[in-house]
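Given below, in the form of structure tokens, are the structures.
Shared between the two complexes below is chain A, which has chain B as its partner in the first and chain C in the second.
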Partner chain A sequence: MHAIEFHKLTKYYGKARGIIEVDFNVEEGEIFGFIGPNGAGKSTAIRTILGLIFPTSGSADIFGRDCIKYGPEIRENIGYLPSEVFYYEKMKVIDLLKYSAGFYKKDCTKRLYELADIMELDLKRRIEDLSYGNKKKVGIVQGLLHQPKLIILDEPTSGLDPLMQQKFFDIISEENSKGSTVFFSSHILAEVQELCSRVAIIKEGKIIKLEDIKTLRQDNYKKIVVKGDNLDSSAYRIEGVSEMTGDTRTLNFFYRGDINKLSRIISSQKIEDILIQEPTLEEIFMHYYK
Partner chain B sequence: MNIVLRELRSNLKSLIIWSGCMATLILIMMMEFEAYYDNPEMAGLLDAMPQALMKAFSIAGPNLTTLIGFVSIASVYFYIMLGIFAVLLGSSIISKEERDKTAEFFLTLPISRTRAISAKLIAAVINCLLLTGVTAAALYSSAAPYNPDQEFLRFFRLLMSALFIIQMIFLSTGMCTAAVIKHYKKSGNYSVYTLLTAYIISVVISMDNKIDFLKYFTPFKYFEAQYIAASGELELKYLIISAVIIIAGFTGTYLIYPKRDLYI
Partner chain C sequence: MNIFIYEMKTYQNSIIIWSLSISALMLLFMAIYPTFAEDAALMESILSNFPEEFARAFGMGGNLSLTSVPGYFKFIFIYIQLAISIQSSNYGFHFLSVDERELTADFIMSKPVSRRKLVISKFSAAFSGLIITNTITTAAGLISIELFRNGNSYDAGNILVLMSSTFFFQLFFLSAGMLVSVSVKKIRSVLAYSMGLAFGMYIISALKEALGMKALGYISPFYHFEPGYMIEFGKYNMERASISFAFIIVSIVVSWNLYMKRDIHSL
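Showing the complex of A and B:
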């Protein structure tokens, strides 16, 4: 059985495009990446399968059941972390978490405290006194306390410091190893690459690529900036270099291929500085999917 | 049950403020009554005022020097105040999940929107009952010094029932408005506009009885205190109309809200 099945799911807000004929499956037990730039329709797709908004056409099934018709039953097994978390401002963290836990049929108390402990969450504070990052931590605990079979994350890492991000990824990996399916939406390719087995790439509401992360890694472009006094761009004319710009002082280009070949060229010249970066998603779109 | 308790708690502050205001207003009003009570001079003074003005403020007719007469005049203001409370409560109790952006939390819990409405409806009705209760208690206790007789008590009971019915009319209107209109700011505004329109219609009708048929469009005219005082009952036709409005409003909420996109 698939954890999520999209069947030509389409959503328009009036005339404005949300998503168009999104159609793919997320297998049970995998960590699935859902990437695309802001405004591509990631949140729209997620909100539709959660029943917050309704499809214009098409449908989606979660664990084999229609997400609109069986919404409440399905959500029993879903943990959702929205990109921005908002809770009842006047409530204390612990009251909010207990309130949330009260809606699930099982006893979630133990897991609640475990997660709060891992995320170093102060349970006695009021929601309104929390920083953005701390609210996000509440969101993580709230989304996971009932040990859901399907975890839906919408840009989960914004607002978390690197240490907390790592802890969060560890929790997600642990939940996944216990059998939970994870649907992970993000606009940062690197974090998706780290965790996911497969990805769908969405652009302007349409899925443009559905791929194994391994394949994606093989095509891995690097964005390279070399600085020096008297650089010779012709030395870099090897296979895999593209979009070469710049002058004798700075060279910008993309490289895909054996990194050793490139490092030999770089080491043969006198340079001042070198920068090797992950391309942004926009750059990937420009280069992969012209 | 959890949701009902949470709603009650989150609305407690507003309920206390409203209760305080109603109680204070009633106490002040009844202190004023001391000057009117059994005072023929005051009756003469009022008779000298222009009729149109009296009608606009709906103080033409009743005898202000009796308890029933005095309370009758205040009744329309009770209707308005508690109506405002109910209409705002109804619209906000539905739309606040969107306003506070908590919809993404609350409505992704394993509950149906229908269940959410039911819990909110129960909490809202309890709030209205409590506010009617406070109003009744304040009015009753401040009327006690003026020897309320059996006739007043019957009038008082009917008036409080009417007050609660009016609250239910506006509660259902407010909830239904918030269910229909996605944007929370607009739904709050429209709810209040509806109430104000109803009030203005009722004032206009008082001044010009040629447009009496408009009565059906304003709940403020359904249970006029003078009628209650004179007849000792709530008029059946308006009870039926009220029931229809209330049921329509709540049904609309149940039908529309679970099917509409949330504004997030």
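Showing the complex of A and C:
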């Protein structure tokens, strides 16, 4: 059984595009990255599977059940952390978390305190007195206290300092190792790279690529830096070279293709140094968004 | 139950303040009554000098003398209704729109709660708040009449019929507010809407009285539940009240259907 199945899920807000025929599966037990720039439709897809908005056409199943029809039952097993967190300002943190825990059938008290402890959350303060980062921590605790089978994260790390981010990732990895599926939407690629096993890339409402994070990173692209005294960039204008920048002393470019062809060109010139790197996801990403 | 309890807590202060204010208003109004009643003849002659349209618009017209207990109570009850209509519309415009306005909808709606349950809990909480207010103010009304009636007689049954109408009167504004709040994209300021609705309806009814335009009155619950009729005859004017009943049912049904399909937007 898949944790999430999108079936040609489409959402228009009136005439405005939300997502168009999104169609892929998230396997049970994996950490799945969902990446794209702001406005690509990441939140739209997430809000649909949570039943906050309704599809224009198509559908989505969570653990094999339609996300609209069985919304309340499905949400019993979902933990959701939105990108912007808003809670009842007048409430104390502990009251909000208890309120949140009260919606689930099982007793969540123990896990509530555990998580609050890990996140170093002050339970006695009022929500309105919390900084943005602290509100975010409340969000993390309320989203995970019922040990959900599916964790949905919508750009979760904004507002968290690096230390807290690491703690957060540790918790997520831990939940994942206990069997939870994680659906992780982000535009920060480094964090996706760190955690996820597979990714879907969304652009202007459409899924443009669905891939293993390893394949995506390889994808035969190499990032190449050549240094020398008098480099001739025109010699490198062969098929597969892109994003050429630099001058006669340094050349930066990406190459995808037969590496022998490139090595022949390089060896035909006098160079001082050469650097061949794996491109970061960020750089691959830029490529898809050109 | 979880949501209902939370909602009731958020209404707590509001219920206390409204109940006390309305009760105080009634007490204050009734405290002036003895002065009215003592010099009945003089009062009558002053009132008869008012232009009839003016007197009617301010609830001083009709068959009942302002110097009698029912006549006086009818007169003040319009202002009680005005206060009640503001409170009821406040709750009506508020209870389904607040989570979207304050962006807490993402929190509550990603919990394992159906929209049905959410609406029912929130509606029940708002309406319970109104019923509590109603109960307290009814008691305060009866007490203030007893305190200041100055030996004049009145029919307690008729007063109770009048007071009981508040229940529907509140429902009218609650459901109207709810209907508007799920029909528009976002309610930015509840107060602007509720004041508009409450005073708007009051003015329509006052205009109807002043101008004698009966058709105009049918729009307004201030006319449907006009105190004079109920206090004089001890029953609702069903011809008018049923318009309110129908409106309440229609707005609840329509709001329900709209909310079940409503998209909840984030920022």
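Keep this in mind: the second predicted complex is superposed on the first by the 222 of 290 C-alpha atoms of A that agree within 3 Å, B and C clash if a C-alpha of one lies under 4 Å from a C-alpha of the other, contacts with A are read in each partner's own complex, and residues count from 1 in each chain.
Quick note on the criterion: contacts are C-beta pairs under 8 Å (C-beta built on N, C-alpha and C of every residue); 3 or more make two chains touch, one makes a residue touch a chain.
Just so we're clear, the structure is a prediction, and the values are computed from it rather than from any experiment.
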item	value
Fit-or-clash call for chain B and chain C when the two complexes are aligned on chain A	clash
Touching partner for A:Y99 - first (chain B), second (chain C), both, neither	both
Which of chain B and chain C A:N25 touches, first, second, both or neither	neither
Touched partner set for A:N134, first chain B, second chain C, both or neither	neither
Which superposed partner A:T10 touches (first chain B, second chain C, both, neither)	neither
Which of chain B and chain C A:S185 touches, first, second, both or neither	neither
Overlapping contact positions on chain A, where the chain C interface meets the chain B interface	13, 47, 50-54, 71-76, 78, 80, 82, 84, 86-90, 99-100, 102-104, 142
In the complex with chain C, residue positions of chain A that touch it	13, 43, 47, 50-54, 71-76, 78, 80, 82, 84, 86-90, 99-100, 102-104, 142
Residue ranges of chain C touching chain A (in the complex, touch as defined)	2, 6, 10, 102-107, 109-114, 117, 261, 263-267
Chain A contact footprint on chain B (complex, rising order)	2, 6, 10, 100-105, 107-112, 115, 259-262, 264
Of chain A, residues touching chain B in the complex	13, 47, 50-54, 71-76, 78, 80, 82, 84-90, 99-100, 102-104, 142
